[in-house]
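Heads up, the next two complexes both have chain A, just with different partners, chain B and then chain C.
After this line comes the complex of A and B, so read on.
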């Protein structure tokens, strides 16, 4: 039962002293960690946990939740400025965020990302809290067939996004799927294609590969062509540009609402992964918005959709965490660990014995989005300056930051080599017009698709893919994604 | 010339002094002189990570001022990567970690991982966690006999590595015809699979299942590795009560602290004392009580003996385990 008096008391704690200091400092720390490739919001929480040992649990959760919540927006910043996601879930923002920066509209992209993140975060939390019974049933309705269809739907994005022709996109995507087979077989645990190298037992790590393909590959291209990210005179980002981004987000509120709802639902399903939320949201935006041919060329809606979904998904991830004690994401797992370290039993009694901590977690998640929006919008025009810096100055910094970020993930030098090798691959792919995003999607979703397909066949027949309602709907969505572009093109030719 | 001679002589004397400094073994009184690294083979937030951070936090109280225990997460291959890091580090006592046993012995029985658990310097045990065979409340199974009488029982698990090797051992010893649905990315996913009806039962640690047992999403059928009934699930029989005492020995998840092989005796003794003090520290025990994370402390010597016994028992299971590992 909702305790209004306790809720207001926690709100007062958050805006009082030292709550407000922790909220603001946590937000800043989260944005910095999110913005530096390799240092995610989860890493930020892990680093901060020992510093919270002297605090009471509510205060500790305020600081940690503010840090994590802000990191999801922070991850959009390098997407837009240097074509590298701060965290994999931000990857979809690159599709239009970076082209916007190349056109000199980095300020607008950053402004819309900040606004969409804030709105998405709010909506995700509110939807989760208001619709817990519905979301719980939805979560339970997702089985292996649905996971497979989700992965397939995600792979279909290859058909509609990214660089180069469809054939090259598919080639990249399938190459990514091939690479996803390296390591332990997800069902039998037999090793595949590891050539006796222990480092490859867990497969090719996605995040270092992503840094290499996108950041290093891009950096090499900038160096070779001796150009900054943005050439245009209009790259002189101003506050006006940033506010244009804010206005564009509010102008596209239906898109924000759709994307946030999608992100919330996907976030509520453990195991789907945050990256899928961003890409699926991008795909639904491209399929449903007018003048969708502008997507991929610097359309602000291509930033709004994934950013709203990305922040909303964290609200959704709260659901299995609070309802079942099963972490909805890796960040939720760390939160549960942090709660346990503070002596809180994260079992069913948390809503009775520690309701104050739950309320503080939710309030901090809401509060940090507001603070992040204010800070983000204030400095967006300054950050956009990075797009005009000479490549000989900026590229070594990006190079080193990415390599350090790769190492920081698992304290493993092998990840640094992977980043470097994929950097070379990314450069060549860019040169010959092969989609790097498609390769990443294949690498990311290949394992999920294989695992869930085989699990589905272990538990039922192939026809269950088409007799389960949600699975069937997803299958029809896949057909729509693949066929609609041709239908539209045919209609256009008919109209001429 | 004389000046040159004196300078050269002084240089030689200084050099000899440095050599003595490097060659002289560090005595126990000097240890530890720098931070200790503690490897965890799983991602932050999970049970192994939480226990590690709780013990590490307490250990710092007993270290010289300014020294810390740095917890390093090195997930990969069900903790085998972290095990390799610890095993192959310099044997100076500054690299230790938490080992999921006897799960890490099973890959060693069939493959050639870069560690040998029989040579690890065992320093102590934080917890010997009981495992629970539990049926989903959506299934029709309510007792072990129901499982034994069924044509097939679907068991959800992540794989046959690490602590989850307990699942096939349990099914084999109980004589249950099990169909294993593997591939789940974590225990949470496997439990969700059973809750929605894709599987009938699971075998996981009590700590992982606790919330779902208490809210009746799962029905506990057998408690293994505890020796006595758990007051939170009083109707659940122990393996010994059910007539399978060997399961109480074989199927328990040990969270053991171990270091590199070959740590000098005096340093090993100091580390064991440090860990023993930490896991019996009143504040640590208070945390354990408040957070409902039980501990069952064992010192280094008792850990060594107990693990040696268990590994021999696992050698006897080679034929059973082979069909799951190969």
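After this line comes the complex of A and C, so read on.
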């Protein structure tokens, strides 16, 4: 039951001293960690946990939740400015964020990303709070079949993202899936495609590959062509441009609501991963919005949808973490560890015994989004200047940051070589019109699709994919995603 | 350009063929999905190779692709053509030079470690490649080195690679 008195008391704690200081400092730390490629909200929490030992659980959670909540928005900044996702879940923002920066609309993209993130975060938390009883029952119905269908749905975006021709997109996607099979087979532990190299036993590391394909590939191109990110003749970023982004987000409120709902739902399913949320949200935006041909070429709606979903998913991810002790992501696993360290038992009891901590978590997540939006909007026009710096100055720094970022993930020099090799691959793919995003999607979702597919086959027959209600609905959604654009196109022509 | 594209497409085909061939050596459970995906990848890659080898296949596909985009007035094909033209204009010498510099950074890091390779790379790159001033080259190398040391080594306590010679 909702305890208003306790809620108000926690709110007073948060806006009082030292709560407000922790909220603001946590938000700033989170944004910085999110914005530096190679670091993430998870790293930020890991760094901060030892510093919270002397704090009471509520205060500690306030700091950690503010840090983590702001990191998701921070991750959008390098996506828009330098085509580098801080973490895989931010990758979908690149699809339109970076083309906007190239057109000189980085300020607008950053403004809309800040607003959409805040709104998405708010909606995600509210939906989670209101839907706890329904979502809990719904989540229990998820099994291998549904996980497979979710992965397949995510992979469908390969056919939708518009970089190069369809055949090159599909070839890149399938190539990415093949690369995801490198390393231990998830079921039988057989080593596959490792060529005797021990480094490959754990598979191709996704984040270094991502840095290489997107960031290194792109900056190599900037250097070769000797041009800045933003086109020379494009408009300079101004505060007015940032506000145009804010207005565009409010103008597309139905899209924000749809994307946030989708993000919350996906975030609440443990194991599906944030990447699916961003890409699915992008896909639904492209499928449902008017003038969808502008997506992929710098459409602000292509930034709003994944950003809203990305932040909303964090609200959703809190539910299984708190209610069942099942972390939906690596960040939630670290969070779970922090809760345990502070002597808080997760599970249904947390809503009774430690309701104050739950309220503080929710309030901190809400508060950090507000602070992040204020900071983000006030510095967006300054950050956009990065897109105009001449390439010879900015590109060597990006090279260095990407290499050190990929090393910092696991303290492994092998990751640096992977970044370099994928950088070359990304450059060539870009040059010859192959889709790098499709390859990344394949690499990210291939393992999940294979594992859930085989687990499903081990526990039942293939028909279970079509007889389980949620799985069937997801299958129909896949068909709709693949077929609807053609049906619509033919209808437009008047053939049917 | 055409030759380079052929080489790249055949390189991708080679990797896929190699992976599919290796798949047959694995246990039935471990090879089920890789074979399904591999065959699809193989078909797509062979089609792409045919397209880069024979103009007839490329024109056929181009016509289909144009038809696909016709209804939505999508400019994707135009963008692609523009990108291809841009690629043709690419300065090969500069391309090789960029790759060499990047390789220098990676190899330098491996041999001498991050703390030496980063400022060395930045300074030499800015001075020799970008022809920046001494002051800018030195100050930028110093600032980036300081930031890297402060964030990654001091705050995060990450044991950065020291190089194989030390």
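In the analysis below, the second predicted complex is superposed on the first by the 477 of 496 C-alpha atoms of A that agree within 3 Å, B and C clash if a C-alpha of one lies under 4 Å from a C-alpha of the other, contacts with A are read in each partner's own complex, and residues count from 1 in each chain.
Please note the rule applied: contacts are C-beta pairs under 8 Å (C-beta built on N, C-alpha and C of every residue); 3 or more make two chains touch, one makes a residue touch a chain.
Predicted, not measured: the structure shown is a model, and the values here were computed from it.
**Q** If chain A is used to align the two complexes, do chain B and chain C fit next to each other or clash?
**A** Verdict on chain A: chain B and chain C fit.
**Q** Of the partners chain B and chain C, which touch A:333 in the superposed model: first, second, both, neither?
**A** A:333 sits against chain B, while chain C stays out of touch.
**Q** A:324 contacts which: chain B (first), chain C (second), both, neither?
**A** first
**Q** Using only C-alpha centres after the superposition, what angle do chain B and chain C make about chain A, to the nearest 10 degrees?
**A** For this superposition the angle at chain A equals 90 degrees.
**Q** Tell me which partner A:341 touches in the superposition: chain B (first), chain C (second), both or neither.
**A** It touches chain B, and chain C stays clear.
**Q** Taking the superposition on A as described, I'd like to know which of chain B and chain C A:224 touches: first, second, both or neither.
**A** Touch status of A:224: second partner only.
**Q** Looking at A:399 after the superposition, I want to know if it touches chain B, chain C, both of them or none. Which is it: first, second, both, neither?
**A** Touch partner of A:399: chain C, not chain B.
**Q** Examine A:454 and indicate which partner it touches, taking first as chain B and second as chain C; both and neither are also allowed.
**A** Both partners, chain B and chain C.
**Q** Tell me the contact category for A:188 with respect to chain B and chain C: first, second, both or neither.
**A** Both partners, chain B and chain C.
**Q** Considering only the touch criterion stated at the top, classify A:293 as touching first (chain B), second (chain C), both, or neither.
**A** Touch partner of A:293: chain C, not chain B.
**Q** Scan A:411 for contacts with chain B and chain C and give back first, second, both or neither.
**A** both
**Q** Taking the superposed arrangement, what is the smallest distance in Å from a C-alpha atom of chain B to one of chain C?
**A** 8 Å.
**Q** Overlap the chain B and chain C contact sets on chain A and report the shared residues.
**A** Common to the two interfaces on chain A: residues 187-188, 411, 454.
**Q** Mind listing the chain C positions that touch chain A in their complex?
**A** Going by the criterion above, the answer is residues 4-5, 8-9, 12, 15-16, 19, 22-23, 26-27, 29-30, 32-34, 37-38, 40-41, 44-45, 47-48, 51, 61, 65, 68, 71-77, 79-80, 83-84, 86-87, 90-91, 94-95, 98-99, 102-103, 105-106, 109-110, 114, 118, 121-122, 125-126, 129-130, 132, 140, 144, 148, 151-152, 155-156, 158-161.
**Q** Which chain B residues qualify as touching chain A in the complex?
**A** It comes out as residues 43-46, 49-50, 53-54, 57, 72-77, 80-81, 84, 113-114, 154, 159-161, 179, 181-185, 188-189, 191-193, 195-196, 198-199, 210-212, 214-215, 217, 286-287, 290-293, 325.
**Q** Show which residues of chain A lie in contact with chain B when the two form their complex.
**A** 42, 45-46, 49-50, 53, 139-144, 184, 186-189, 198, 201-202, 270-271, 320, 324-327, 330, 332-338, 340-348, 410-412, 451, 454-455, 458-459
**Q** Looking at the complex, which residues from chain A come into contact with chain C?
**A** The touching residues are 36, 39, 43, 47, 162, 164-168, 170-171, 174-175, 177-178, 181, 185, 187-188, 190, 192-193, 216, 220, 223-226, 292-293, 296-297, 392-393, 396-397, 399-400, 403-404, 407-408, 411, 413, 416-417, 420, 423-424, 428, 431-433, 446, 449-450, 453-454, 489-490, 492-493.
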